[in-house]
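Written out below as structure tokens is the structure these notes cover.
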Amino acid sequence: MKQTKKLKVVVIGGGSSYTPELVEGLLARHQDLPISDLWLVDIDEGMDKARVIADLTKRMIAKAECDITVHLTTNRQQALAEADFVCSQFRAGRIEARLRDERIAHKYRVIGQETNGLGGFSNACRTIPIALEIAKEMEALCPNAWLLNFTNPSGMVTEALTKYSTIKTVGLCNVPVNMERGAAEMLGVDRKDITMQIAGLNHLVWARKILHDGKDKCEQVINKLLAGNDRMTPKNIPPFKWDEGIIKSLGMVPCAYLRYYYQSRDILDKEYAASASKSNRADLVAKVEAELLEIYKDPTLDTKPKLLEERGGAYYSEAACELMSSIHNNKRSIMHVNTRNNGAIQGLPDDCAVEVSSIITSSEIIPLNVAPFETGTLRLIQLMKEFETLTVEAAMTGDINLAKRALMLNPIVDSGQHIDQALKETVRENIDFMPAFAHLLSK
Amino acid sequence: MKQTKKLKVVVIGGGSSYTPELVEGLLARHQDLPISDLWLVDIDEGMDKARVIADLTKRMIAKAECDITVHLTTNRQQALAEADFVCSQFRAGRIEARLRDERIAHKYRVIGQETNGLGGFSNACRTIPIALEIAKEMEALCPNAWLLNFTNPSGMVTEALTKYSTIKTVGLCNVPVNMERGAAEMLGVDRKDITMQIAGLNHLVWARKILHDGKDKCEQVINKLLAGNDRMTPKNIPPFKWDEGIIKSLGMVPCAYLRYYYQSRDILDKEYAASASKSNRADLVAKVEAELLEIYKDPTLDTKPKLLEERGGAYYSEAACELMSSIHNNKRSIMHVNTRNNGAIQGLPDDCAVEVSSIITSSEIIPLNVAPFETGTLRLIQLMKEFETLTVEAAMTGDINLAKRALMLNPIVDSGQHIDQALKETVRENIDFMPAFAHLLSK
Amino acid sequence: MKQTKKLKVVVIGGGSSYTPELVEGLLARHQDLPISDLWLVDIDEGMDKARVIADLTKRMIAKAECDITVHLTTNRQQALAEADFVCSQFRAGRIEARLRDERIAHKYRVIGQETNGLGGFSNACRTIPIALEIAKEMEALCPNAWLLNFTNPSGMVTEALTKYSTIKTVGLCNVPVNMERGAAEMLGVDRKDITMQIAGLNHLVWARKILHDGKDKCEQVINKLLAGNDRMTPKNIPPFKWDEGIIKSLGMVPCAYLRYYYQSRDILDKEYAASASKSNRADLVAKVEAELLEIYKDPTLDTKPKLLEERGGAYYSEAACELMSSIHNNKRSIMHVNTRNNGAIQGLPDDCAVEVSSIITSSEIIPLNVAPFETGTLRLIQLMKEFETLTVEAAMTGDINLAKRALMLNPIVDSGQHIDQALKETVRENIDFMPAFAHLLSK
Amino acid sequence: MKQTKKLKVVVIGGGSSYTPELVEGLLARHQDLPISDLWLVDIDEGMDKARVIADLTKRMIAKAECDITVHLTTNRQQALAEADFVCSQFRAGRIEARLRDERIAHKYRVIGQETNGLGGFSNACRTIPIALEIAKEMEALCPNAWLLNFTNPSGMVTEALTKYSTIKTVGLCNVPVNMERGAAEMLGVDRKDITMQIAGLNHLVWARKILHDGKDKCEQVINKLLAGNDRMTPKNIPPFKWDEGIIKSLGMVPCAYLRYYYQSRDILDKEYAASASKSNRADLVAKVEAELLEIYKDPTLDTKPKLLEERGGAYYSEAACELMSSIHNNKRSIMHVNTRNNGAIQGLPDDCAVEVSSIITSSEIIPLNVAPFETGTLRLIQLMKEFETLTVEAAMTGDINLAKRALMLNPIVDSGQHIDQALKETVRENIDFMPAFAHLLSK
């Protein structure tokens, strides 16, 4: 019988301060997900922190009285052997790289957010080579396992993985699940009765339908959103006022990141100001990380602490665990994931990654069909997808002209000589993580 | 509470000999579908037969001890008022029209089957005006009701309804549900564990995926099909040997009707021969109808008789009732229906009807995304869709040139002067049902 | 015989300081273009200037010993009656409006150029209503005449005209003809032996092919361009250094305006600085206009003065006259024009306006097929076309949300609250020319 | 100076009875086409006939007093070395193969015409390997030469050449040039004043525009065609009556071969009847061939004999010579050729061959943009293109399943077991010319 099969779950970047969130989720669903072994993999430089996390994990498991063995290792291949699920949540270059990305980006006054603009580009070029290394090891060591990717930039990483590896890959982000929960709260209804359909790209996504009791409630949710009753935006994104004219006339519920496109000057000015005052995202993250680690060290702590939710990862564990459960149990749940387009969004290549509501089976992810987007929105999606695809190609090849063209197309990054300089500085300072670009420095 | 709402279900063409099948299904699901009133609507000419059906229906309900009131009427508008579900299974021109269609088609040696070729064209032109009349009445009398269409040609009727009416419409055919049941049998697995995805047009449909336990089992099913172990084909379609080279190289499981395209000469020659010997489909149907009616008259009969299954409608009631239940209970079941394309199948217009596996909610039908078809198959689908769309336009406008162009494109009908004559004869003999074409006769 | 038909040519905005350039061209081709009557139409406010222009025109004609009668009028309908060619070169709101556009745009730090960004939007909304008024008069008074549009923003005005009028319309810009002449000079070959194919949108156009003697010379021209040997850029555009990596890797010859996209920060910073120092484009134009008018007044002047070429309109007369000649004489010349897409550029709607090399016949403009663009460039074109199309719709309807969405999509305009304010100011200050937006002020 | 360059022209299949037609054309344009050497290449089996042709050619050249040396050889590589133009008009398997194709096709009652159906398939599979062999030799021996292909099936051969060789290739057919001449005659105007635009596939082509004096004359030409005044159809195609309803409602001028689609039964019945009575096309061709050869042997004959025109090749020399002249002299003439689609016809792959009106330069063939086809016609084109593309792939790979799928899709060939048998017989009887299929026989 299937249910008796015990699962081996591997977490790459297991020393992340997010891990307790994931562990909490796994324990809550232990009935559905009969895990016998949980492997936390991290790198040498992260072992001090990882040990703290592993210890907390063990205490949480003990408290839940589950029979799961926790393994902490730097030997990734040992961990991957015959795995069933591999959760990838590593950060290439750790928090220092993110701080550096933001510093360089803001020096040249372009966006340094970790999934978009220069920061997103830099992060992608650091992360994709490692993600593919993992996937290649999986092809050899656990070819039937599923790779669940939470590492940012999740859309581009998923695209690289689906294009260049045969491993079954799903990219996950907590933005859609926050939207779904928020919509239910805003409508005052049970989330289980809602059928929300989202579509777009990672961090560029809209709720196209919020079906409840025979009706689409998008308009209702939009009105509440514009009235300031926003329960959808993760806590890590500061509150904001949407342009009513744009939002209403589009008739879809935007994810919080769309403010980068709909109100780029307002949000970027805020970001640059925060950067100047050291209250920008990367600095905040670094500060919370340090605090969290202190808390985790408390040997009496055996549950996920409240502070973790402020990092913006809320419900990410929920999404991850529900995804594993739906795959393992062939539940055919509707979930919101990054996967190969394959025609789901008209006007994008079949082989690119998109973020779409999909049916999760034990065999495949089948996206729901996306009704055609209004042309203007499609154009924005197409342009950003091209930014992403060119970035993936640049990451794979080290072709600096592809990098320039990617950033030139990005609608929230202006083009010009500063990009040339910013790119050079980015490559120089990240060269250990971007071997494909090494040829540029030797010149 | 929702579950307490009692449902009013209307059956147009309620005097059909299929009705006991539907009633059986409704009774089996009475828990899910709390029906209080079942209205059987038919025309004056059909009342003798309809009374027999209504009486049998009442006996079946009594036996099942359900609290459903049966109404038999010729007053369609009275029946439609505040209905929740309207099942359309009428036959425009009754069995006589079908006999006539086959006679004319075979006289000119073209296909006279009721959903394709000249017969399909004729049937569509008779049926669409009535279907739209019903839909218009529903817009006024029960605008929130769902129209479930089983009337053939189901694809074209659904297209006309979705293009020219605002009523929520789903077209249903028993071919896909037979494929799903058959695939489970052939694989020896529980049907509930299978996720089958079909795509195409009505009677031109393939199983693209038959997912089970982490794998796609299409190849396995194809091999069994070629080996003669066919559990998919409805009983009304005679057994047949597929061309192994074509089927294997396409890698999809074809529905039985695809033999009209993959082996047109073989199947059409058989059809014409059957027609000559009065053993063709329409004659058989007329014969079985008469027999069934005699059986139905037996006042001791209070269940669906076995003979009904031979008409080829097997599992049609299952599909219809599961559809109503999934809508009523927002079950989000995956079902195989005819609905607006809206991008689901790449390369077809958004506003045409396609037959695709879809999620059924209480608010909407959301198709699963269809992975791009191999080009050759797409071309066949595109061509046949154009035949259908031109036929719908001809039915709406009475434009004989659209009719000619439709038939000229149909790949299993050859073109030429005989079509001109066959069309004239078809219009002349059906003129009571094709008022849009009246202008041609007055000339 | 056709050649004996005498032509009536009407110039709307005939009082423009460009007119002598056009007149020079017409006189040079008098053999091909047997004009009997040249009508200069202008508005009351422009009559002082127009009289100066008309007098110079007469002196130029006299010197050339051509038999052309010059008519100066404010009565547009009288002029249009039975016209053969109507050249539209009016400026809605005159130079003052352009100065105002730049002032508002730069106040909110967005691009104020007359064909792009906020300035282009404003100009389109002022110009399109008048252009359509003219077209509607032509439908009544000279339905077979050709409308040659030089009024900026030429792409959007042409799109509005082809969508909303039945008059045969061609949009013309002097950028492509400058590229063609320049390429010939840079290659040191006879321009007649070159076949240049351009494609894109107005002011967003590339030479895709520069064929000469059996070879495509694009790479050669790009190298010369990058080496600083630029003979393509009109004099009104300041010199500039392209990013070599971008240009070479794209492999097409960009028009000068592409620097707005490839190096947006560099060029916009320059524009804003010029604006601050009153050396921006609109101010320069106003200054040159005044100087030109003084020169034109000289009663001994009977040729086009040199200074006119500095306005950037060089070779515009050549393009206009060659276009008229090719139409009149069915020459089937290859020219570079704005016309209905109709499939020429893949990925754009059929009914939008594009700038493409085309065959000019007496009956129709037939674009040359455009080989598919590399995806990144296509995305840029698609996005800007959507900006244009939304702008046209906003101009036609006065829908401020369409305006916001247009500007939000424009990749060289950032979005946000400043756009809301800038739009309001633009509408308020131009309300006499934008009646469709009047409803916004009365609120 | 270019004009002084002397040209080397090679004719593959130079022993064809068509050659005198080509020679006549070359002589008529000797001013434009300064040929010094004309190489006739043929195979051993054809040398007897080829010598007759070569002798007649020499007499024709002598009469015209041109300085062209004629070479007759079986050494193709010697002929190709440094050639400027290579005309391919060979017939793989000679007339015997064509007779065989028709025999097999008619035995199984499917179309045996040399460019369509089973006959077209067989011809393509014989011809494509040889055509590619020639192209590969050209890549080595004369990489800058142009390959002008007249060998049927011209569309499929051109597609194979453009997909699998780097040689500049143009496919030519005399159908469009006959349409253009015929249209001028029917309109009573000078052909030079007409701009006809055709589009489609080889032998599946329509005149989309017939522009003259500011108007499109398609409707006028259609009316004359329907009235029986057909000057467009080559003499080798028997007269025929179009279906007025279809032709008028499509609004395009069909080429004569479209009767195979618009009136398939009428034309195929005629073809099969002719076959039975030995008056079918291949038999007629064989008979005329024999007669022609007798005439050619007459040592006093020094011009092209009248009888040649009856073979249906009329104006083929005109097209061929005009094409060479337009390439050599960079004339930018509009001609109707088979070339790579590259977006010219929307809805077809970029890399397939289409027949479209194009600009002929010395560097490239640039198609005119084709306005989108009405959907029904597009579907027909798409389907037939897929037949062609699958046939090309089958010819390249010897994959019998591709062959079956190609023929299954062909709308004028019915599918079934007879195709399986017909294919086997075709392969068996042509195995010397279809080495890719040899694996099937060894089984």
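In this document, chain identifiers A, B, C and D correspond to the written order of the chains, with residue numbering beginning at 1 in each.
Rule of thumb we're sticking to: contacts are C-beta pairs under 8 Å (C-beta built on N, C-alpha and C of every residue); 3 or more make two chains touch, one makes a residue touch a chain.
Everything numeric in this text was worked out from a predicted model, so none of it was measured.
K.L.:
Quick one: which chain's Cα centre is the longest way from subunit C's?
P.N.:
B
K.L.:
Averaged over CA atoms, how far is the centre of subunit A from the centre of subunit D? Could you give it in whole Å?
P.N.:
Whole-Å distance between the two chain centres: 57.
K.L.:
Centre to centre, by mean C-alpha position, how many angstrom separate subunit A and subunit C?
P.N.:
Roughly 46 Å separates the two chain centres.
K.L.:
Can you check how far apart subunit A and subunit B are, centre to centre, with Cα atoms defining each centre and the answer in Å?
P.N.:
Once rounded, the distance between the two centres reads 44 Å.
K.L.:
Do you know which subunit C residues sit against two or more other chains?
P.N.:
Residues of subunit C never touch two or more of the other chains.
K.L.:
Kindly provide every pair of chains that touch.
P.N.:
Result for touching pairs of chains: A-B, A-C, B-D, C-D.
K.L.:
In the complex, go through subunit C and note every residue touching subunit A.
P.N.:
Against subunit A, the touching part of subunit C is residues 243, 245-246, 248-250, 261-268, 375-376, 379-380, 382-383, 386, 389-390, 400-402, 404-405, 408-409, 411-412, 414-418, 420.
K.L.:
Considering the complex alone, what residue numbers of subunit C touch subunit D?
P.N.:
Counting only subunit C, the residues touching subunit D are 2, 144, 193, 195, 197, 209, 211-216, 330, 332, 334, 342-344, 346, 350, 356, 359, 361-364, 366-372.
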